Amino acid sequence: METLPQATIPSARFHVAVQAEDFDLQAEMRTLSAGDRGIGAITSFVGLVRDLNLADDVVAMELEHYPGMTEKALIRIAEEAAVRWPLHGVSIIHRVGKLYPGDAIVLVLVASAHRHAAFEANAFIMDFLKTRAPFWKKEWTPEGPRWVDARETDYSAAARWHKVVSEQYGNDEHD
Amino acid sequence: MQVTLLYFARLRERFGMAEEQLSLPEGIQTVAGLIAHLAARGDVWAEELAGERVYRVALDQEMADFSAQLHHGAEVAVFPPVTGG
Amino acid sequence: METLPQATIPSARFHVAVQAEDFDLQAEMRTLSAGDRGIGAITSFVGLVRDLNLADDVVAMELEHYPGMTEKALIRIAEEAAVRWPLHGVSIIHRVGKLYPGDAIVLVLVASAHRHAAFEANAFIMDFLKTRAPFWKKEWTPEGPRWVDARETDYSAAARWHKVVSEQYGNDEHD
Amino acid sequence: MQVTLLYFARLRERFGMAEEQLSLPEGIQTVAGLIAHLAARGDVWAEELAGERVYRVALDQEMADFSAQLHHGAEVAVFPPVTGG
């Protein structure tokens, strides 16, 4: 991992939440960017419960987490992104409890002066969230519940970032 | 040395508990020693912790590996690989 | 460019708009994903007018476009993305007229079953929009207005996609 | 051959017009020929179209290069490199 450019972290706002309630993308974006006129780009990722994901007759998904550790892990992931890219803010909201196809599971918002930083940091956060944040999914089917197994592809997606060479983001680009 | 153990997801269900307080026998100083101690209970404990099953350990709410040193009052969590997002 | 996998385009929804009014991210996301339970991932990009961008005393930004060609260019860019990644939908909204620091300029939403496809297609669309869609920015300062020059970095960002090797997106991943 | 010309942004302002109808002289068949014809007007037309300045051309609302063939009724737009997003 790169050494820490001390200047970047204090300037970034981090917000993390684990909640049963749904979130509003527009409201979260406004909160993240309020008052910061240096932000030129905001990316968001929203993960949804999908049907195909839910083989055969899955009717719902249930998310369990590790209260206390979860919030720390999400903050840690946001901080790691802010070390690698010049970010103005990161907001991560992860839902828990029972969710149904079409429901949102997770929101990651990243604000930066530069669009490429905002895209890459968001993808980085999702890849690390999938392997480092203590959430577990259970699928509910007519035959009963079953735990979802971790996927090898998520671990390889997270691992690839160790190889990514940090790019230079100067002031040549405004969003 | 007293530690708090937490189990999540499939492990919570298989072990039939979410949490336990444990006084460790003399000589258990690391995560590896603790896991061996739990696996020695046999049955589902051995199946989940000493077999082919993959699991993760967190020490004081940080991901930890088997060589991590325990301390009195430590919070140790054992759980399957995470599947959030 | 790759040959066209005929199956992907008809299944994707495309929506483009050029408008003076602001947009609501949450409402646009809902519209894009409504009724499609195969969507596991939605990424968004929002470009904002920023202060730093606006050297010295710039008080506003004005966006001109080429009515008719703009909409075609945006649809074309969305279609090119859908050829390269397995997308369920793309929504592009670009604002025109007078805008002020903090105002949103552009929204790109991409829906897919897979998160990496949704991230990459969104970055691709933004890079191409910056070089192919007929919009021009004018900055208003106390000394009068001035047109913003195109940046070399935007052209190199768009050019790099020609080198990107199309990855395989199977059904190994749900968001 | 009759074509419609459209100018945008800085070029619209410098040329002092947003649109014009033009009857092309015999022999002008391509975008390159049309641009040379316009640059021959001299002054700002030569400055913008025959000098160091960079511009783009769209033919019937698609980006076009200098070799593109014109046709009767074509819509040709000339504008600076785009700066949207």
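Letters are used for the chains, namely A, B, C and D, taken in the order the chains are written, and counting of residues starts over at 1 for each.
As a working rule, contacts are C-beta pairs under 8 Å (C-beta built on N, C-alpha and C of every residue); 3 or more make two chains touch, one makes a residue touch a chain.
This one's a predicted model, so the numbers in the text were calculated from it and none came from an experiment.
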Chain centre separation (chain B, chain D; CA means) in Å: 73
Distance between the centres, which are taken as Cα means, of chain D and chain A, whole angstrom: 47
Centre distance in Å when chain A and chain B are each reduced to the mean of their C-alpha atoms: 27
For chain A paired with chain C, centre-to-centre distance based on mean C-alpha positions, whole Å: 21
Set of chain C residues in contact with two or more other chains: 47, 105, 115, 126, 151, 175
Chain B residues counted as touching two or more neighbouring chains: 85
Touch-based graph of the chains, sorted into line, ring, star, complete or other: line
Chains grouped in pairs wherever the two touch, ordered by label: A-B, A-C, C-D
Interface residues, chain C side, partner chain D - complex: 47, 63-66, 68-69, 72-73, 94, 105-106, 126, 129-138, 147-151
Interfacial residue positions of chain A with respect to chain C in the complex: 24-27, 29, 33, 37-53, 101-102, 105, 113, 115-116, 118-119, 122-123, 126, 151, 153, 157, 171-175
Interface residues, chain B side, partner chain A - complex: 6, 8-10, 54, 58, 61-63, 77, 79-85
